[in-house]
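Heads up, there are several structures right after this.
Each of the two complexes below includes subunit A, the first together with subunit B, the second together with subunit C.
Moving on to the complex of A and B:
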């Protein structure tokens, strides 16, 4: 515990130092951010959650690199902001304290406000897009926090009416934050108009914290009332899946397809919250959700970085697309497999069926993404990012049973 | 390993391979035209072995392991039935082989012909000697395949002599003439209809008993296990194979148009082998089912009654058609169908009468095989000589074809049931069987049998009369000093005397003196006299012009061709139309329906992306407010 706190402190200082260094030398900023993340990794080496931290730090470093592909108005500071998000994504796994969870939720979200503004090559900042994004994010954060407070209060007082209100607001906040339909309006606009490099952060690593936070809060404040409310989550999940997948079918810009793909993926993930009351399948469901988020983070980071350079290595693009489709033994298969197994096990067979239908609908547009982005293989940061992501997709060639036990460790607390 | 048995089946096929391959290389060459001798030699080997089996082998089974872990093996059975039947098959095949050497001398496709001819013989021998149903099926399918090859042998459809029916004649939508290629197709397609349920029945028998050896299966237990409905269903599925192969109603059409094949083929397939395989299998099954001991098992009575009635009705139908036929071979084909019906009827009566009924049916099979093969071979010789398929010929022809005349007289008299020749005793046995049944199932079977017998002798006499005595004068005769052909049918017809000797001497272990006793009864003698009278009448008056409209109707097989050529194809066309429309619907759905639907939804989903934050906020806030409102209402 002490080690974690100390290393967190050191990492934060390094991150701040890196931000300051950007005035002098960008390379120093980059080094400081990466070092901070490595310290996070080293500090957790003895804990059960190490594989999770490893994956998060890997995504964090990838996205930091992705920001460094082109310089922008706040180069140097952006590395630190991304590192901060990655740090908080890693550490939220260790806590069961509601105030800390809420703080983590805010910390993981706010840096992206600044990132969405930036543009490269001396262009004007994307104010219009950023405004849309920020308005939605603020509303989402407010809903989420108020919802959490209601839940926490009603848990101690036993007020079921307030509990219902809190749960609904929490889910609405969560949905708005990550881009679930029907509150997804900002996603296609932002993903197609903003600069692809910050999007490789916004669309990937920032999606993890809200879900982990929501899971933890819901489990910490659970009342018997909860089992009646989960149908609402399933409702949101179904709308989100269909909106995302069908919307993506006719989208032409790669960024816009990815936007709808995000909406659909968030639908898959939020579907697991519908069985949060099932004791036997909760951990499997959470493992599936987390794995799906990680697949999404690796894939989206690589795709958006590739958009910036107008394409990337053909085999890597196809491999990532196939992982999104869910082809065994890639990681994207296992995440969907876990989700489906838990849904079927917990009795929501209709939801599992709709999920499979949606997976089938998604095949054409993922292949279209891969075809749009497929190009020559050339050495460079983008290829490196895509290569590391692809390797990550391949680590599940052996069935990832370890990931399910990892998911259990999430709720032990430190 | 019993090499003799292996050679029994393999030697015909092996000996036909040289001509099959050599003909491809040098079709029609002088050297190739000598190779059929080798094929006939292969048939001779089989014949010698079959005779050896008949005389020397002890009764019992001989097993060669095949799939021993599944209890499926090559099991050969040597009993009363298979020994006689094997010798009969091998003898007739050998004799027809000799006949074919001359008959097919100038043919354009000898490789094809001899390969399928010998393969057919081997398949038939396999059917005859196998106890295992799966092994039997191999032979059974070999019969089907070879029959298709042989019936459609003259595939060019360019020889008027090879057709059935008057070319160009039409009745409504029906073309009443059939070329060889269509004849082959009709044969194989009809037989397949029966084989499919038969396969499933064999599979079901294996699944239910774990055994496929006819002589070992405990049929009584099997039938009790599956109940009355199960028994009838299972056995009818199984008997679909024999029914189609033996051309029982309504599957008789293929047999009539099978006459498009060379006459040797008609003689081999439609006297002793292929069509007889169905009745043989039914007799063999009943031999071991012991239906007479299963009166307590429900369903068996219904089954056997149905088979008997179907057989007798088919026999009656076949006899009527033969009465109306003017084509030599088609007349004989219809009479074959009639005989097969009688065999089924008599064999099925074993349920009430006991094993002797099976023996009588089997003896009728033997008698019919020799006599009918002779008639077919003579018919072939006549077609060769007169160059027409239709009955014609007078005393001048008879003088030139003395062997043919004598053979025909013997065969018709012996097969027609005129006392005191072979078929009289056998038919007297049948009369006795049906008479015995009057108390139990009524007198219909007996009347059907007697009527059929009368008609039978009438059309045989008509065949004799129209071809050698009272037929129209043949415009041109082409007698080429044939030697092998008369030799072959003389040998075959002489066999009816051997059978007669066996009956009269009472030396056969199962027939003993039974047939003699039946034949000496008053009723049988009455029927015999009636048969003789009709025979003589028909001999003198082969055609009655007043009745010719009825004759045409009968000769058109009572329009049964409509079933094969119009009704079934119409159903097929309807199904294919339905499938075509279904295809179109599926295509439309996949190419237009679903994509257009998805496209419109996708556009609608994307249409809310107008780019204005105020619109987005309105939507999002409206949803938030709505949800909170509904949750507060207690919906959630």
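Moving on to the complex of A and C:
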């Protein structure tokens, strides 16, 4: 534990140093951010959660790289902000302390406020979009934090009324933060109007922390009342899946399709929270949720980066799209597979059915994304990002048993 | 031992794109012929192998390779057809790329990779010993075939490919929920540790596979996909892939047969209606490939009928799969032969007396139609076993016998009616062309083998093995209703 704390401190110092260096030399701040992430990786090498940290650091470095494709108003500082998000995403796995979880939740969300503003090539900052985004995010954070406090308080006092209120607020806050329908208002507007490069951060890595936090908080503060409340989550999941998929099917711009696809993906993930009370399938459900978030992070980072450069290598784009559709043996299959297995096992067959209907609806638009983005040009950095993402999609050619044991390690003390 | 033979095509899949087109074609064909001979050996020696691959978390269970007589019989058809169609692909795809205005060598590398992946995944599918493993290969085969249609199909190929993808993906996913229900009831999905398949699970698996098979109703995707796919892909889609739906039902049946036994009558009637309807539709088609696609639906109706007919029926399903695979592969390749030689000629109304112009292809087509009609080829045994099972199951019930005989007669009728329309009659006035050797020799190889299977020793080997396999499975699960 000491090593982890110490390396977190070193990484933070490096990140701040990187932000300061941006005044002098951008390359230096890029190197500092990446070095900070590598220290995070090395410090966790002996822990059980190493594969998770490895994936998160990989996504972190990818998103830092995608920020560096073009210069913007805060170039250099943005690398540090992204590295900070990646750092907190890695470290939230190790904690079971509610105050730290809440702090992580805020730290993972606040840097994106600045990122949404930026624009490249001397264009005006996207103030309208960013304001809309920030208003929603602040509301989400407040809901989430107050919900958590209610949960924690009612857990010790046994007040079920307050517990219900807290749970609903937590889920609403979570939904608003990640973009679950019907709280998804901001997603399509922001995703189609803001600059694609910061979106490759906002749409990908920032989605992991809220879910991990929600899982941990719900499990830490669980009351028997919980089993009656999970149906509420199931409804949100269904609404989110359908809104997302039908929206994406009818959207025209690639950015908007990706926005709705995020809404749908968050629906799949939040569906797993509906079976949080089932002892036997909890780990499988969480493994599915986490894997889906990682697939989403890799895929969205690559897609948004490719939008910026008007295209990327054809096979890579199709591979990522097929992974989103959920074809074996790509990673996107295993995430959906774990989610489905846990839903069926815990008795929510109807929800599994609707998930499958949605997975079929999603086929045409993912193919359309791939077709829109596939180009003959090979812009270096974007191709590298998409290539690494594709390799990540292929690591599950052998069935990922290790991921389920990883999910178990997540809740060591809970 | 078996794992090594299965790994050959898998390794070749990844090596073939690195070679020059001619070499990669030959290597691919050989990589399927080696397992083919192993499969014949396995059938002759009646061996049953089980090889552990990997163990997964609790409700999924062990992945293992299961080689019993049933797997071997299905693999027999898959290996031979895949090898021959691989050879056939070389001249055909050269024509297709030329037509699409693409560069031959680079496109062929992509093509051969997906082709090999497609065929290999089907081969692995029939050796899977776990429903999830089976599902994974089902989806890989779907992916590869989808991409082949998407990239090289005819007509509105992207739309057709997406249609195909959506339907079969739904089919696979429905079956997947069924499998998962089985998993949560039994704690494992390995074939050897499932005790019972419950009602909902059976229903979902059955419905999913009816879409894939396809039965009447969910068949809408099939004529499109099979007609618009590039012909070598059609020659795998129609003979091999759709029948794998029957294979999945067969595996579920051998584990827990109660569902089909209980709902025997509705399934039987549904099978007859599917077959007759599709048989009549064949008469109305004017597109050679679309015609063959409808004939596939009709032939798969046979499988549905056969499922209801006890042990002999199950034997008939297996033989029917093999004979249909041989016959339909030949016929799709004849359609492709005409397309390649006469610049995309598919319209039957513009054909007539084609025997004059492409005699070798015409002769091959005759063997193909004989396979469909069950005349003097391995299909003969299929029809024999269906009738035997029918009499065993229903007794001498004149109405069911008439229904089945009617189905057989329609198949025979449309086969020879089509043959007459295309290859006989007044010549339509084309130039006689020299047919590329690879566009007709593979057809005859399949044709000759399909005829060899009605003579000893091959006939003995196949029938004995199928009988042993089915009876052994029957004793294990059904409890001694063996003949």
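Everything below uses one rule, namely that the second predicted complex is superposed on the first by the 410 of 414 C-alpha atoms of A that agree within 3 Å, B and C clash if a C-alpha of one lies under 4 Å from a C-alpha of the other, contacts with A are read in each partner's own complex, and residues count from 1 in each chain.
In the analysis below, a residue touches a chain if its C-beta (ideal position, glycine included) is under 8 Å from a C-beta of that chain, and two chains touch if they have at least 3 such contacts.
Predicted model, so just to flag it, every value in this text is computed and none were measured.
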Fit or clash - subunit C, subunit B, common subunit A: clash
Contacts of A:172 with subunit B and subunit C, given as first, second, both or neither: first
Which of subunit B and subunit C A:284 touches, first, second, both or neither: second
Touched partner set for A:247, first subunit B, second subunit C, both or neither: first
Touched partner set for A:15, first subunit B, second subunit C, both or neither: neither
Contacts of A:161 with subunit B and subunit C, given as first, second, both or neither: first
Touched partner set for A:367, first subunit B, second subunit C, both or neither: second
Touched partner set for A:116, first subunit B, second subunit C, both or neither: neither
Subunit B versus subunit C as contact partner of A:186, first or second or both or neither: first
Partner chain in contact with A:231 - subunit B first, subunit C second, else both or neither: first
Where subunit C runs into subunit B (options 171-179, 387-395 or 423-431): 387-395
In the complex, subunit A residues that touch subunit B: 131-132, 135-136, 139, 143, 161, 164-165, 168-169, 172, 176, 182-183, 185-186, 188-189, 228-229, 231-232, 243, 246-251, 361
Subunit B residues touching subunit A - in the complex, by the definition given at the top: 598-599, 601-603, 605-606, 608-609, 611, 613, 615-617, 619-621, 623-624, 627-628, 631-632, 636
Contact set on subunit C toward subunit A in their complex: 54-57, 59-60, 63, 132, 135-136, 139-140, 142-143, 147, 150, 158, 162, 165-166, 169-170, 173-174, 176-177, 180-181, 183-184, 200
Residues of subunit A touching subunit C in the complex: 284, 318, 322, 325, 327-329, 333, 337, 340-341, 344-345, 349, 352-353, 356-357, 359-360, 363-364, 367, 398-399, 401, 404
